[in-house]
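Look for chain A in each of the two complexes below; its partner is chain B in the first and chain C in the second.
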Partner chain A sequence: MRRYFGRKLLIYGLTFFVAVTVNWMIPRFMPGDPVASMVARANVSQPAAVEAMRAYYTSLFGLDQPLITQYLNFWGALFRGDFGISIWLFPTPVSAVIGGAVPYTLALIVPSVLLSWVVGNRFGAYAARRKLLDNTVLPVGYILTAMPYMWLAVLLAWALGVIAGLFPVAGGYSFSMRPTWSWAFLLDLLHHWTLPFLSLFLVALGGWAIGMRNMIIYELESDYSAYLSALGAPARLIRRYAFRNAVLPQITGLALQLGVLVAGALVTEIVFAYPGLGSLILKAIQNKDFFLLQGTFLFIVLGVLIANFIIDIVYVVVDPRTRAGMAGAQA
Partner chain B sequence: MSLQVSELRVHYRTLRGDVRALDGMSFELKDGEILGLVGESGCGKSTLGKSLIRMDGRMRHVGGRVVLDGRELPISDDRAMNEVRFKEVSLIPQYAMSALNPTRKIRKMVGELLRSRGAEPDTAELERRMDQVGLPREVLDRYPIELSGGMKQRMVMVISTLLDPSLLIADEVTSALDVSTQKAVARALLGFRESGYVRSMIFVTHDIALTHHIADTIMVMYAGRLAEKAPADVIVKAPRHPYTKLLLDALPEVGVRYAERRLEGIAGSPPSLLNPPAGCRFRDRCPVAGDECAEDPPVVALAPDHHVACWKA
Partner chain C sequence: MTALQEVAPREPAGVRREALYFAVRNGKLMSGFALVLVLLLLGLLGPVLLDGAPNDYGPRPMSPPSGEHWLGTTTFGQDIFLQFVYGLRSTFAVGVIGGGIAAAIGMVVGFVAGYRGGAVDEVLSMLTNVILVIPTLAVLLIANAYLGIRSVAVQGLFIGLTQWPWAARAIRAQTFSLRTREFVDLARMSGAGTWKIITREVAPNMSSYLFMTFILLFGGAVLIASSLDFIGLGPTEGVSLGLMLQNANQWSALQLGLWWWFVPPGAGITAIVGALYVANVGLDEVFNPKLRET
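And now, the complex of A and B:
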């Protein structure tokens, strides 16, 4: 057991290292000069002043140092929890900018991923045993899962937001409100949260339902199900066993899908101008804000790694076969 | 009389038509009798075993009756059969190695299965039966993956007989085992009958040599029909049906070297059961076939316990 988790932690550590390095590299090798754009934004016309500003900003962000020093400094700062200063929202520190966006993204991703997984699995297992549902609702699942997140988001925004006028189509809360801990504000948050949540939830739901339906059919045909039926066990018991076994590959699927789901959430945020990490990434790219971009990427990488690690632990708890493999099988 | 099967017909529905896997089988099984059911692949022996407990989705009960202990079994009604399963008729399946739910500890699985059938799990009795087949008690607190193939096989044997069924169907239980384990399994099955865990048993196999050791009676099937049924010794020493004779000749004998003489098989292959030819189905491969074989041979009793379906017997 300890060796297993030791090995897992090592793999996650390596992944983290590579991700951080790539993360550091990408903005630096991207075309465009962030300092030039900052200077340009200042609208100074005197060449001497431009030169002075350029020198000031370059040394401020440490861009005058050799690349290897920048890289080492980056790691050093990382461990101090210092992600640098945002160029776009100068002089706010990146950690503060991200800290403001993370709750929105988490509030969107965590419920949509978990709920779609739970509901999708239940529904798929149910549909596997009803011909009618199987033939009517599941094709809808195929359409849903084949849909790009942002496209469904646009459809929902258009239908429920623009046409029906039920939900706002943009923002995390109304412009007329200030963030406070009041009921009115929380309701407003929920109101703005519904559409982005729904688009993420629906797309993922179809995929899980289809996967579960196929797994249940497979498990109900398996030998242990046949044996139980031959001994007259009620269908309820057999279905319960089948569900328990069919859910294992779905857990693996969840681990594999996490990265895709997060990416989908980011794009959906952009569609709804939702103030989470996705919108932040877009802004960072538009403004050549290296540090903000690195910070958000880092957060996403960390989030996906942690979620995968949790799933690894859950898998060990629910599948006895992985435990047997760790302890060395007994004869 | 424990079990009476009369004129049982079970077909497999396929796109090309009905495959007549069982085409009018009639036989009887006495209380406490172990019947060895032999025949080559596709002769319908597994179909017969399945028909008595649970038909799969492709099987159709076309005709005939099955009466167990004076009560007709509703073999074509999956729901009505549930009441009989496990309690009256039980099964040790061909796939015993994978018959246990991989994600449940065995004690829990057995408990849930018993309670679902309205029986209280009796740990003392369960452990006594495990002792009898030589299974250590800690097996109960393991997952199936932690057991060896032979242990899983014995565990399934114990589970299947927990409710003391009247009839036990053992479907190819020794096929996947090595010889020493086969012996242990055969001995355990005999022990089950002695201890009264099962009353009578149908032992489906293609291994005549092993059957001879545990069965009281051997029934040979060919192409969905009964060929010969007689006490085990009679089948082995004085078979009357040409098919039984050829089947026995095809077996290697211990201590005989086959350097000079090639071991003979039975030439040809069984007829397709999709559209079986009229008359005796063994006719094409039979060395003694004559003109009368163009008609179906009736099952006749040569002796009180010796039934043969052959014009030449």
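And now, the complex of A and C:
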């Protein structure tokens, strides 16, 4: 088990290192001069002002120092939680801007991912080898997984928001409200949260149902199932054993899908103008706020790594083979 | 993600004819490929047969579908059907470029890691796992935003460069199970080099698996490209289905009730990717006798 965790932690450490290095490298080694483009964007015509701005930005980035010092400074700033200052919301530090958006994204992504995983697995397990259910769950599942996240979001917003008028289609809470800890505000939050949650939940649902159905069929064909049924065990018992075995690859699948799920949450937020990281990224791109974009990138990478590690721990709890040091999960 | 079942190597002689026999009788495979083919033809021939550029402003803005504008027009009077056929073209292009590059890298890494084993495998697997964990879209966001070169080809290239890890892992596992077979040993004893063994002995024995991997990568590339387009990092010139969705969202088609603006592009993406997935299940049944008739 120590080897298992050691390997995982090594991978995550390396990943974080690579992500930070890439983040540091891209603005410095990409073709084009970010300082020049930033100065150009300010639309200043006086040569003296241009020179002053150029000097300011160069020292801000620390571009006048040798590369290795720049790199070490970057890491140092990172550990102090200093991601720079947002250009879009000028004097606000990037970390504060991100901190304000993260709760919204987490509130969307955590329940939708967990619920779709649980419900999808249940549906898939029920559908496997049951003709009637299988013929409905499978096509619906394929359509749902093939849907771009933002399209389902737009369709839901249109049907339930614009036409039926049941839910608001934009924002995290009503414009007339102020964020307070009152029941009215919490209810309003929930009201705005429902549609983005629903669309994330539905798109992810299909994939889990299909995966589980395939795994259950595979397990029901294996020797232990045949042996159990030869002994006369009831079908329900065999299915229960099959489910427990089939859930393991689904846990690994959850870890592999995290990046896709995060991406889905980001575009869904943009559709609903939900004040999370997705809308932040859109604003950062529109305003060429590269500090904000880079800060968000690092934050997402860190979040995905932590989620991966939690899944690893769950895997060890669920699968005894990894605890015994046998070949269970591959690193 | 669809689980790919293991494929057992068999003698190549009768296998091909047998596969074809089951392929033409497989409803999923045929209907899936038929739908993709129709959309592909529409994307290839539509721009040739219709006149006018997809982004030209027209005289009748915001009109619903009619005989003249099959899918209606945008707030600027652009013909949505025209945009749709051009968009299909770039969507297929992104899928082929992104999926192709990802498949190529995934195959090289997977084959070499799986066949050579040992230290080479350790290093390549570590690399694969590291890139696998990094959220793809986040990297693409940073790279695209800074690079600023926004064409379908560059977008496909970036998607290919970040999408390959899971394919590499799957191919490595398959190669691992093939490398100890007798025919591979025989080739090794007869003095064939690593490259020759991989291309002549290992790869042909899992060609169906490789093809299915490519299909899944193609679908994934299309979906990622549409997300990038939607965030505003799509090609700056031309049209794609994702860009159409972005425009519809940006110019509040939703609030104005212009459903004909945002329904077709999403339906197009869903149809392409969904049809490919279904065809993939069909292929799986064709190549894997265990799955037939269940």
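We take it that the second predicted complex is superposed on the first by the 273 of 331 C-alpha atoms of A that agree within 3 Å, B and C clash if a C-alpha of one lies under 4 Å from a C-alpha of the other, contacts with A are read in each partner's own complex, and residues count from 1 in each chain.
Throughout what follows, a residue touches a chain if its C-beta (ideal position, glycine included) is under 8 Å from a C-beta of that chain, and two chains touch if they have at least 3 such contacts.
Predicted, not measured: the structure shown is a model, and the values here were computed from it.
After superposition onto chain A, the partners chain B and chain C occupy separate space and fit alongside each other.
Shared-chain residue A:N308: touches chain C; no touch with chain B.
Chain A is touched at more residues by one of its partners, and among chain B and chain C that partner is C.
Of the two partner chains placed by superposition, only chain B is touched by A:D223; chain C is not. In the superposition on chain A, contact is made by A:N23 with chain C only, not with chain B. Residue contacts after overlaying the shared chain place A:L195 against neither chain B nor chain C.
Within the superposed three-chain model, A:R244 lies in touch with chain B and out of touch with chain C [touch as defined at top]. By the document's definition of touching, neither partner reaches A:V97: not chain B, not chain C.
The overlay of the two complexes leaves chain B and chain C separated by a minimum Cα distance of 11 Å. Comparing the two interfaces of chain A, the one with chain B and the one with chain C have residues 331 in common.
Chain contact summary for the complex, chain B toward chain A: residues 53-54, 56, 81-87, 90-91, 93, 95, 98-105, 112-113, 116-117, 142-143, 145-146, 148, 156, 159-160. Those residues of chain A lying in contact with chain C across their complex are 10-12, 14-15, 18-19, 22-23, 26-27, 30-32, 34, 129, 142-143, 145-152, 154-155, 157-158, 161-162, 169, 207, 210-211, 214-215, 217-218, 221, 249, 253, 256-260, 262-264, 266-267, 270-271, 281-282, 285-286, 290, 293-294, 296-297, 300-301, 304-305, 308, 331. Interface residues of chain C facing chain A in the complex, by the touch rule stated above, are 1-3, 5, 125-126, 129-130, 132-139, 141-143, 145-148, 166, 219, 223-224, 226-227, 230-233, 242, 245, 248-249, 254-255, 257, 259, 262-263, 265-267, 269-274, 276-278, 290, 294. Considering their complex, residues 222-224, 226-234, 236-237, 241, 244-245, 248, 318-321, 324, 329-331 of chain A touch chain B.
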